[in-house]
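A, B and C label the chains in the order they appear, each numbered from 1.
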Amino acid sequence: MEHAANWQIWLAAIVTLGIYSYLWNDNKLYRMLLNVMIGLGVGYSFIVIWKNVLGPLWWQPMCRGFSAIAHGFAPGSVNALWILVGFLGTLWYFQFSRRYLWLSRIVIGMTLGAGAGMTFKQQFLLNAPQITDSFRPLVARADGTPLLNGSTAPVSFWMSLNNIIFVGTIVCVMVYFLFSFEHKSAPIRGAAKAGRWLLMISFGAFFGNTVMTRMAVFLERLQFLANDWGPIVPYWVWVAICAGLISAVWLALRKPPRKHTQQNQL
Amino acid sequence: MNVLSRLQDIDRRWLYLALALSCLVPFLVTIRLPVYVSPETRSLYEAIDRCPKDKVILVDSAWDAGSLGENWGQVEVVFDHMLRKGIKFIVISLDITPLGPQFADKVISKLVKTKYPYRKYGVDWVNLGFTKGDWQAMQQIAKDIRRQFKRDSRGWSLDDAKHLPLMQRVHNIDDIYMIYSVTYSPMENWIPFVHGVYGTPIGFGCAGIQSTTYYRYILSKQLVGMLVGVRGAAEYDALLYPNVRERQSLGTQLIVPQAFGHTAIIVAVILGNVGYFAARKGERKVGTRR
Amino acid sequence: MATRRRLIAAVTFLAGLYYFLEFIVPPIIPWRTVQGEVVKVSSKAIVVRRTDGQIVSVPIRDNIIAYRKRPTGAPERVEPKSLHPGDQVSIGPTTYLSDWITDVNNFFVVLGAMAWGMGLMSLWMVHSANIRKRKEEWYGSVLFFVAVAIGVVAGLGYGAESGVLKRLNDVVVNDVLRPMGSTVFSLLAFYMASAAYRSFRLKSREAILMMGSAFIVMLGQIPIGLWLTHRLPEPLWLPVMSQWILYIANSAAVRGMWFGMMLGAIAVGLRFWLSLERGAFFGKEL
């Protein structure tokens, strides 16, 4: 993809093929590479989080606050209060203590409480336009307006049909998921059944998109192996790979030898 | 057991090999197929194309290796569009991954090196780096970007007029025309906390698997457009370069292998079902004989 | 123990209370809000014509804030002195809730970021135990610690312009982390193909409907779908049918699910906020 030295391409290809070795069978090389990946990721992220978040948003304002205090409570001294956030932040690590586990629940509670408080605003702002948009005219004009809106656009059969299907699907799916009461009456049972059928169409669409996503990740790796690594591989390595593949295929196709049991001998 | 019924018991490794080989073919042989441009891609293209000269586009490029196959192409085509048209942009990476800014830098540096050597960092684009905070950070950025970012990803202060002249005219949401969030699963909080309050258009670039939950926002006009997976990038590339030979984005490179891969999976499902029904038929025959 | 529970419940409630109030309570004290059109702006006061026609002069003080109505209809907070005659405005003394949001946001961002070390600590404890007890493949844990050290050193090169650390950062990110991460995720493509092959069976009408929808979407997303059907009328093109499924059928079904999830999210949010939640974690002895 981007220009890199041959040894870098080889390094990337070795780790790629090492992980793909799992497709044949679980093996030590794969497990070693996973350990390396997790270690590198954790160590790297640790420093980046400090550089991008904790440093500029906590450490530097706190240091400026203490510096202001040292200069006779100059403006900005209040920033020294950030040290309290440092003490609160250490409470997370009491998760590892059996005796003082409850201290970690304080910060967990604060985080959960803040998230819960935001839920009201978030859900309302996110879904209110969705609710209003769901009320669609069942007989619609070509410009999307209802029939009796004063518009002069002609009535659109396809838009009306789409709107009927749209609104009907929302209602049927909501009825299907209403488990608070029993689906006794015929209209409710029918709506729930229709909701289940319409959900199947939606799940099929989910599956189709899932396939697209999973394939895309694999194709990027395949593109690297074919376009970046392939051209720099010496011929003898290709011969070795092909020989390995042919051996694997032969081993897979070979019938296992017949076991000599007492019954066979008889 | 007849031959057909064995189709449902093929060893998984044969399947893996078949999938890999079918996807490999388009990398070895050039195959060009027509691309259908979807409405969500077209509307995103048109929205970005309309960006006024005095505003910038904020790109939240918060993806990493896990979604590189889809997101690389999605940012590549949009960066290509903006660099070509001279639309100024700011790159950030919000939550999700600290590697986001580096991947964005890679995409931009490749485009600048190959196509737009006259575009300069600090003048045409700025990368502010990674930050955390979800909706809190979004609100901060909207009210005053300098409260969330003190320096750019290279360490220069945002008030450094010599290195970052672009940032001297970007302060808050008033200076941002549109937000384009690209990641595996873009944060929906952009919609209520930025679009809902300030009316700023939001566009998403997302993985295919996540796109099914975002179409509802396009219908309610909370999203101005969306690039879906590899095909979104390929479609946008088709709008940028009507001549298929000029298209070089990752999306265009991967869309034909993707087609072969989908076909292989469809064939596998059909074979599995043929084997299943053949086995069931065989079991029924054996049942009647007994 | 009851004291501890009450303390935790209190901090949980207070943390959520600020955001709840910030959403519910208007930024300007309701009974002292002046709404209308700006008539005159001076250094000492803003003159506003209210909706009932009355002219009101609002003196500019430190606690006075103004919200101008944007063309979108959404309100935008502005400095009172930057208002112009003709602006539609709401002006009055602030409730201070929105003023503190930046600092409160930063507080929770930093607090959340401080939990980052927990992942490292957990892994440290597991892997060091492996090495200490010489468990099977303990050398993998040694590799883990070596990789953490290399990752930390490479992270020092993050954001650098040049130098050895930048080079190490580039190699670690571009030639090791990125390929490894992509490859691990790409294994899912094979698992998904294998799972689809083994379990996707047309055993019922619902399964047939689901498979039909999946095939249309899968073929519609790729050029082969257009190539197969481009000679048919446009509504029968696979990409067009795929778009219809995604925009109409799928969007409507997802909306139905999300409305239910919205009610559930609000209910669960209330339970967490008021510490009413019970379960394995919340019922633990403190």
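Assume a residue touches a chain if its C-beta (ideal position, glycine included) is under 8 Å from a C-beta of that chain, and two chains touch if they have at least 3 such contacts.
These figures come from a predicted structure and were not determined experimentally.
With every chain reduced to the mean of its CA atoms, the largest distance from chain B is reached by C. Each of A-C and A-B has its own count of C-beta contacts, and the greater count is at A-C.
Inter-chain centre distance (chain B to chain C, centres taken as mean C-alpha positions): 17 Å. Chain centres here are Cα means. That of chain A falls 14 Å from that of chain B.
Touching two or more other chains at once are residues 2, 23, 44-45, 48-49, 53, 118, 121, 124, 126, 130, 202, 205-206, 209-212, 214-215, 217-218, 220-221 of chain A.
The multi-chain contact residues of chain C, meaning those touching 2 or more other chains, are 106, 108-109, 112-113, 158-159, 173-174, 177-182, 184-186, 189-190, 192, 196, 211, 215, 218, 221, 246, 250-251, 254-255, 258. Residues of chain B found to touch two or more other chains are 16, 66-69, 98-99, 106, 129, 132, 196-197, 208, 211-212, 216, 219, 228-229, 231, 258, 261-262, 265. Put simply, chain A touches chain C in their complex at residues 2, 4, 8-9, 11-13, 15-16, 19-20, 22-23, 28, 31-49, 51, 53-54, 57-58, 82, 85-86, 88-90, 92-93, 95-96, 101-102, 105-107, 109-121, 123-124, 126-127, 130-131, 134, 162, 165-174, 176-178, 195-212, 214-215, 217-218, 220-221, 224. Chain A meets chain B in the complex at residues 1-2, 23-24, 44-45, 48-49, 52-53, 56, 60, 118, 121-122, 124-126, 129-130, 132-133, 202, 205-206, 209-223, 226-227, 252. Chain C makes touch with chain A in their complex at residues 4, 7-9, 11-20, 22-24, 106-123, 125, 137, 140-141, 143-152, 154-156, 158-159, 171-190, 192, 196, 206-207, 209-218, 220-221, 242, 245-246, 248-260, 262, 265-266, 268-270, 272-273, 275, 284, 286. Per the touch definition, chain B reaches chain A in the complex via residues 11, 13-14, 16, 20, 23-24, 27-28, 66-70, 72, 98-99, 106, 109-110, 129-132, 135, 150-151, 188-189, 191-193, 196-197, 207-212, 216-217, 219-222, 228-231, 250, 253-254, 257-258, 261-262, 265.
The touching residues of chain B, counted against chain C in their complex, run 8, 10, 12, 15-16, 19, 33-36, 38-39, 64-69, 98-99, 102-103, 106, 129, 132-133, 136-137, 139-140, 143-144, 147, 153-155, 196-199, 208, 211-213, 215-216, 218-219, 228-229, 231, 255-256, 258-259, 261-266, 268-269, 271-273, 276-277.
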